[in-house]
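The two complexes that follow have chain A in common; it is paired with chain B in the first and with chain C in the second.
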Partner chain A sequence: MMMNGKERIRKAFKVQAVDRIPWIPFVGVHGAFLAGYKADEYLQSADFLVNGINKAVEAYQPDGIPVCFDLQIEAEALGCQLAWSPDNPPAVISHPLAGGKSLDILPKFEKSSGRIPLVIEATKRTRAAHPDIAIYGLITGPFTLALHLLGTDIFMMMFENPDYTNELLAYTVEISRQMAGWYLEAGCDVIAVVDPMTSQIGPDHFEQFIHEPISSLYKYIRENGGLSSFFVCGHAQQNIEVMCKTGPDNVSIDENIPLDYVRDICKRYGISFGGNLQLTLVLLMGTAEDCQKHALECIDTAGETGFILAPGCDLPMTTPVENIQAITTLVHDPYQRDVVRALEKTAEEMPILDLAEYGRTEKVIVDIITLDSESCAPCQYMVEAVREVTPHFEGLVEWREHSIKNLDGVTFMSSLFVKNIPTICIDGKISFVSQIPPKQELIRAVQKRINEKLKLKIREKHGKIVLAGTREELKEIYDKAKIAILELGAHIEIETISGEEARRLYGISQTPAWINVRNRIKSEGTEPSIEVMREWIKALL
Partner chain B sequence: MTHEEILKMLAICVERGKVNKNAPFPPDLRDQDGADELAKHAIDQGITADVVLSEGLVTGMTAIGIKFRENRVFVPEVLMAAKAMTAGMAHLRPFFQSGAITHKGALIIGTVMGDLHDIGKNLLGMIVEGAGWEIIDLGIDVSADKFLAGLEEHPGAYIGLSCLLTTTMLNMEKIVIDIKASKPDAKILIGGAPVTDDFRSKIGADWYSPDPQGAVDYLNGQQT
Partner chain C sequence: MDQSTTVKKIPLILVTGFLGSGKTSLLKQILKEIGSSRKIAIVQNEFAPGRVDSVELQASGVPFDLLEINNGSVFCACLLDDFISRLAEFIRTYQPEAIFLEATGLADPVSLAQVMQTPEVTKYIFLGGVWTVVDCLNFDKSHQYIQRVRHQIQIADIILLNKTDLAPPEDKLINQLLEWNPFAQQFRTQDGLFEELNNVLLNSLDLQYLLSQKLSLHREVVFPAKSEPETEGSLLKPFSLPRPDIGSCVIRSQKIFTEQSIRQFHSENKGYIYRMKGYVRSTEGKYLLIQSVFDHLEINYTDHWSGPTELILMGPGVQPGAITREFLKSGKNG
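And then the complex of A and B:
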């Protein structure tokens, strides 16, 4: 049975079977990009956040979505100064506890502090607008919040003043607990405890300082009906095991940690895991094909159960929309996954087809690029649709199936620039993508091509003879050529040009000269690839 | 204590982050002399400043840098070692000022424009300084112009660019291009969480290392 996003996430968190891999694009300031705002204005307006989330849900059809990916909300409410940026989340630039000041100087942390009211409002509105997807409330993890408040002194305090460090972490985890409570009340399904700075410490320090506070946080989230996820980014490989021991429902990591490493440890602890799509080199700077290939690698490594496909952290603001959509397609369409796999297998150098052949054949060729019409239902229906209409054209139309499980199919796919499976190409031109065309529409499209081809043939027949030379030189040749044309019953035009023109146009050095000129239309209305152009040029050599 | 023993203990104090006698950490060295006292003691005993530097402080920092690279220690341990190194280094400052000892060279470091994160950059600075190099730290949010001005002031210095954010990787690229346009011979090292060697080769920087010790190896290798 088809699950909705929320059910899918819940099942995956519980390491239970799902109908397909759940997918969560971590849209943070990328939502600002989608909705046309700057990052700083986006993160300070409930309306803008909601607009960005709505755009992301529409564009990416996710199973879950975070409300606000900003790890500075609690720090700001506790008196840290922020430096705002138009294309990034803000950065903390002052640490109120620097040097180890007393925690008493911090302001009271309340639901009305800082930007908390606006993120809670955005959460409620997102919950109401998207009842079927999992809503993630992101809170700053206790260690990262401690670092915001104290600065990097915390690293040395762990050695020099462990009591103060413990006191501070007991305080910050209480802040995390309050935030988690408010997010759950507002309708979040999942509380993601984002604690990237734990990647900077070793497992001993983790167990000494972090284990207890964060374990109590996960217990609290569970008791209040929420699911919990431990987000860490950076080189945190050393801590995955101790993270699992704190008892979250899920561990989410970035590209710095191998997914199989996390998979093995999480499986041992019966915990689900998520990640770890590469943010920069693939999602931001790669192509849609790169993204699909990489997402498939993640899925294949992770396995089907207890895994959530997600970027390693929040998406860079200007990540190309088509890259993320390509992953959505891959997740939603099992055939697309087979396509990417098939292409992967045969990615070595492929021969390039000469598309001009389509113009030369008498018949109209309908190519159906499929995964395999025996195993892929949409492919089968598309092949049947074509098979059904071809008899209407009484031998003028020929159809061929190209399964991309074979090299031939992949060659066709790449030569014809086909991106989706199944696709119908009529005489080399992409005509129907993924959707099975209604019979009449298919007939119309084929008929249109027959008409075009007919016109082309007529135009090609209009070859001409060019005679070059002086009037004197050409007099006799011209007359003889006319007689020859008449005798053959052909309709061929004779054009005469001067020796000068002949030199310029055809490189003729001596006259009289006879030049056969024939229209060889190689392509019309499309831009062939450079490989195809090279083939055409070779034919002239 | 023999000279050798003093230097060995100094290196251990740096590596383990034993700053001075009063420092409570590490517990097993409580009430013993730290890097501060041992460096002073070494100079008082007539060990030359360059030997104190190379066989005491640099040896200790190299050891911690290698452990950091091998994921055997983490940021807190490196910061403690750096704190101990700084305490020892204070006793060598007059010798640097008089010219009795010199740095191996200079590295100008900064987090690139638009990026305000400095933990990685600071760590690199500490470890490279601990390897005997002079560090000129331009701070965070640093433009190409500032790096170029730094080069004017310290001719022949290497440049180290750091970034944490994916968006500022693009600024890193611009800065490398601008520096190379003005100073084609400048050697630029890059680092930071999102940076890779592929990215380095794409933007035309000279060296990438995922850890500070790799930068030390590169810089030391450039000297020979």
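And then the complex of A and C:
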């Protein structure tokens, strides 16, 4: 039975079987990009956040979505100064506890502090708008919040004043607990404890300072009906095992940790895991094909159970939409995975054909690029649709299937710049992508091409007569030619030129002369490449 | 015509080190040393209230061009996409001969280098090296336990042991650094100043010079004596040596490679990869420490690395996309 996103995430978190891999694009300030805002205005408006989330849900069909990816919310409410940016989340630029000041100086942390009311409002509205997907409430992890409050002095404090460090972490985890409670009340399904700064310490310090507070946080989340995820980014491989020991439902990592390593440890602890799509080189700078290939690698490495496909962290603001949509397609369409696999297998040895002039034959050629019509249902339906309409055209149309399970098919697909399977090309032009066209629509498209070809042919036959010689020499010929054209009912232009011009243009040595000139239309409405132009010119030499 | 085809790339030196280790002091010394003879640009993404670091640099009185980056987060280099366009614009505007990028103390230098692989900036720059400043005073007390400090040391070409006046480095420290990164050159500095600075700069900024030295391994570099009359005081002049058209690339991969596959890759590509260094994820949970200069390739097993493969490649034929694809072909999924 088909699950909804929320069920899928819940099952995956519980390491139970799912109908397909759950997918969560971590849309933070990328939501601002989708909805046309600057990052700073986006993160300070519930309306803008909701608009961004709605755009992301529409574009990426996720199983879960975070409300707000900003690890500075709690810090700001506790008195840290922020520097805002139009392209990124804000940065903390002052640390109220710097030097080890007493925690008493911090303001009271309340539901009405800082931007908390607006993220809670955005959570409620997102919950109401998207009841079927899992809503993630992201909270700043206790160690990262401690670093915001104290600054990098915390690393020294762990050695010089462990009691102070413990006191601070007991305080920050209480903040985390309160935030988790408010997010759960507002309708979040998952509380993600984002604690990237734990990647800066080793397992000994983790166990000494982090284990206890964060374990109590996961217990609290569980007791209040929520699912918990431990987000870490950076080089945190050394801590995966101790992270699992704190008892989250899920561990989420970025590209700095090999996925197979996390898979093996999480499996041992019966914990689900997620990640670790590469943010920069693949999602931000790569192509849609790179993204699909990489996502498939992640899926293949992770396995189908207890895994959530997600970027390693907050998506860079200007990540190309088509890249994330390509992953959505891969997740939702099992055939697309086969396509990516097939393409990868054959891509290395693949030549590219020059099909610039494809489709100049007498017949109309309909090419169907498929995974394989025997094993892929949409491919089969597309092939059948074409097969059914071709008899209407009584031999004028020829169709061919190109399965990308073999090299020829891949070559053909790439040479025609086809990106999706199945696709119908009519005379080399991509005409129907993925969707099986209704019979009448397909007939119309083929007929249109037949008409175009006919038109082209008629126009190609439209030539002219060039008569060369003096006025006296041509007088009689010209009149006779006009009568002949009239009698034939044709519409042919007669042009007269001098003997000298005729010599230069046509190599004529004697006049009067009659020259038939046929205009051949080589291209229309397109700009041919220089290589193609060169070939046309060569034909005239 | 694309301007990049006619412009020789300039070196970008990544200056790393934990907060307070002395990166800004080092930059001040660099400016003093070559700021008047070379057009130097400094990029800072250290975000401090009141722009303390940049004010300190400007107080040195030596001219330089400055680009300050607020990357919005100390956590993720992934949030640096706006940084790329700003850096490219900065280079086009000021046309420096070399760039020193001072990374935040908590920044992941490899991610930073990786972000700079985008075509928008690779047409202007190549990664000339990673210099890591180590705080000798605080190393024993805490810094050696901070993972980022270790990471910065592990990927360094040059390690600068700073504050040696306050805490002369003991053998234990030196050996620890050698264990983490046996290939980096180590220098002792006070307030970022050290005797060999000019030579190190020459080596890093004029790659043609380095290439002419027929070096085997980086740490075996023999510098020309500073007292040579023809070069004294003027080792670095504007465009003193021609710059080859160099490319650099950072490969980060979760695939698994064998020693044999690395040797084969090196053998097939050594004609256009002058330097290759980093850590490679290998079979059975082991890691390989790789260092190559020209034909010479050294591979050792190491217990001091975890995570994905991280390799930095440099050479005239190094184009990030193509060379990465070529390298990844030899790996297997875990």
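Going forward, the second predicted complex is superposed on the first by the 445 of 541 C-alpha atoms of A that agree within 3 Å, B and C clash if a C-alpha of one lies under 4 Å from a C-alpha of the other, contacts with A are read in each partner's own complex, and residues count from 1 in each chain.
The rule is short, and it goes like this: a contact is a pair of C-beta atoms (placed from the backbone, for glycine too) under 8 Å apart; a residue touches a chain by one contact, two chains touch by 3 or more.
Note that the structure is predicted; figures quoted are calculated from it, not measured.
Chemist: Should the pairing of chain B and chain C on chain A count as a clash or a fit in the superposition?
Modeler: Clash - chain B and chain C, as placed by superposing on chain A, overlap.
Chemist: Which partner chains sit in contact with A:Arg337 here, chain B, chain C, both or neither? Use first/second/both/neither.
Modeler: Neither partner.
Chemist: Pick one for A:Arg177: touches chain B only (first), chain C only (second), both, or neither.
Modeler: Touch partners of A:Arg177: none, neither chain B nor chain C.
Chemist: What is the contact status of A:Asp300 with respect to chain B (first) and chain C (second): first, second, both, or neither?
Modeler: A:Asp300 sits against chain C, while chain B stays out of touch.
Chemist: Which partner chains sit in contact with A:Ile257 here, chain B, chain C, both or neither? Use first/second/both/neither.
Modeler: second
Chemist: So, A:Leu284: does it touch chain B (first), chain C (second), both, or neither?
Modeler: The answer is both, since A:Leu284 touches chain B and chain C.
Chemist: State whether A:Thr152 touches chain B only (first), chain C only (second), both chains, or neither.
Modeler: Touch status of A:Thr152: both partners.
Chemist: Touching A:His402 in the superposition: chain B (first), chain C (second), both, neither?
Modeler: Neither partner.
Chemist: State whether chain B or chain C is in contact with more residues of chain A in the superposed arrangement.
Modeler: Comparing chain B with chain C, the partner touching more chain A residues is C.
Chemist: Both chain B and chain C contact which residues of chain A?
Modeler: The overlap between the chain B and chain C interfaces on chain A comprises residues 83, 85, 87-88, 91, 93, 152, 155-156, 158-160, 200-202, 205, 233-235, 237-238, 256, 279-281, 284, 316-318.
Chemist: Contact residues on chain C for chain A in the complex?
Modeler: 18-20, 47-49, 70-82, 105-106, 108, 111, 114-115, 117-118, 138, 141-143, 145-148, 151, 252, 254, 281, 306-308, 329, 333-334
Chemist: Which chain A residues qualify as touching chain B in the complex?
Modeler: Where chain A meets chain B, its residues are 83, 85, 87-88, 91, 93, 152, 155-156, 158-160, 200-202, 205, 233-235, 237-238, 256, 279-281, 284, 316-318.
Chemist: For chain A, which residues are in contact with chain C within the complex?
Modeler: 39, 71, 81, 83, 85, 87-91, 93-94, 144, 152, 155-156, 158-160, 196-197, 199-202, 205, 233-238, 254-261, 276, 278-281, 284-285, 297, 300-301, 312-314, 316-318, 348
Chemist: Can you tell me which positions in chain B touch chain A when the two form their complex?
Modeler: 17, 23-26, 71, 73-77, 79-80, 83, 114, 116-117, 119, 122, 165-169, 193-194, 196, 198-199
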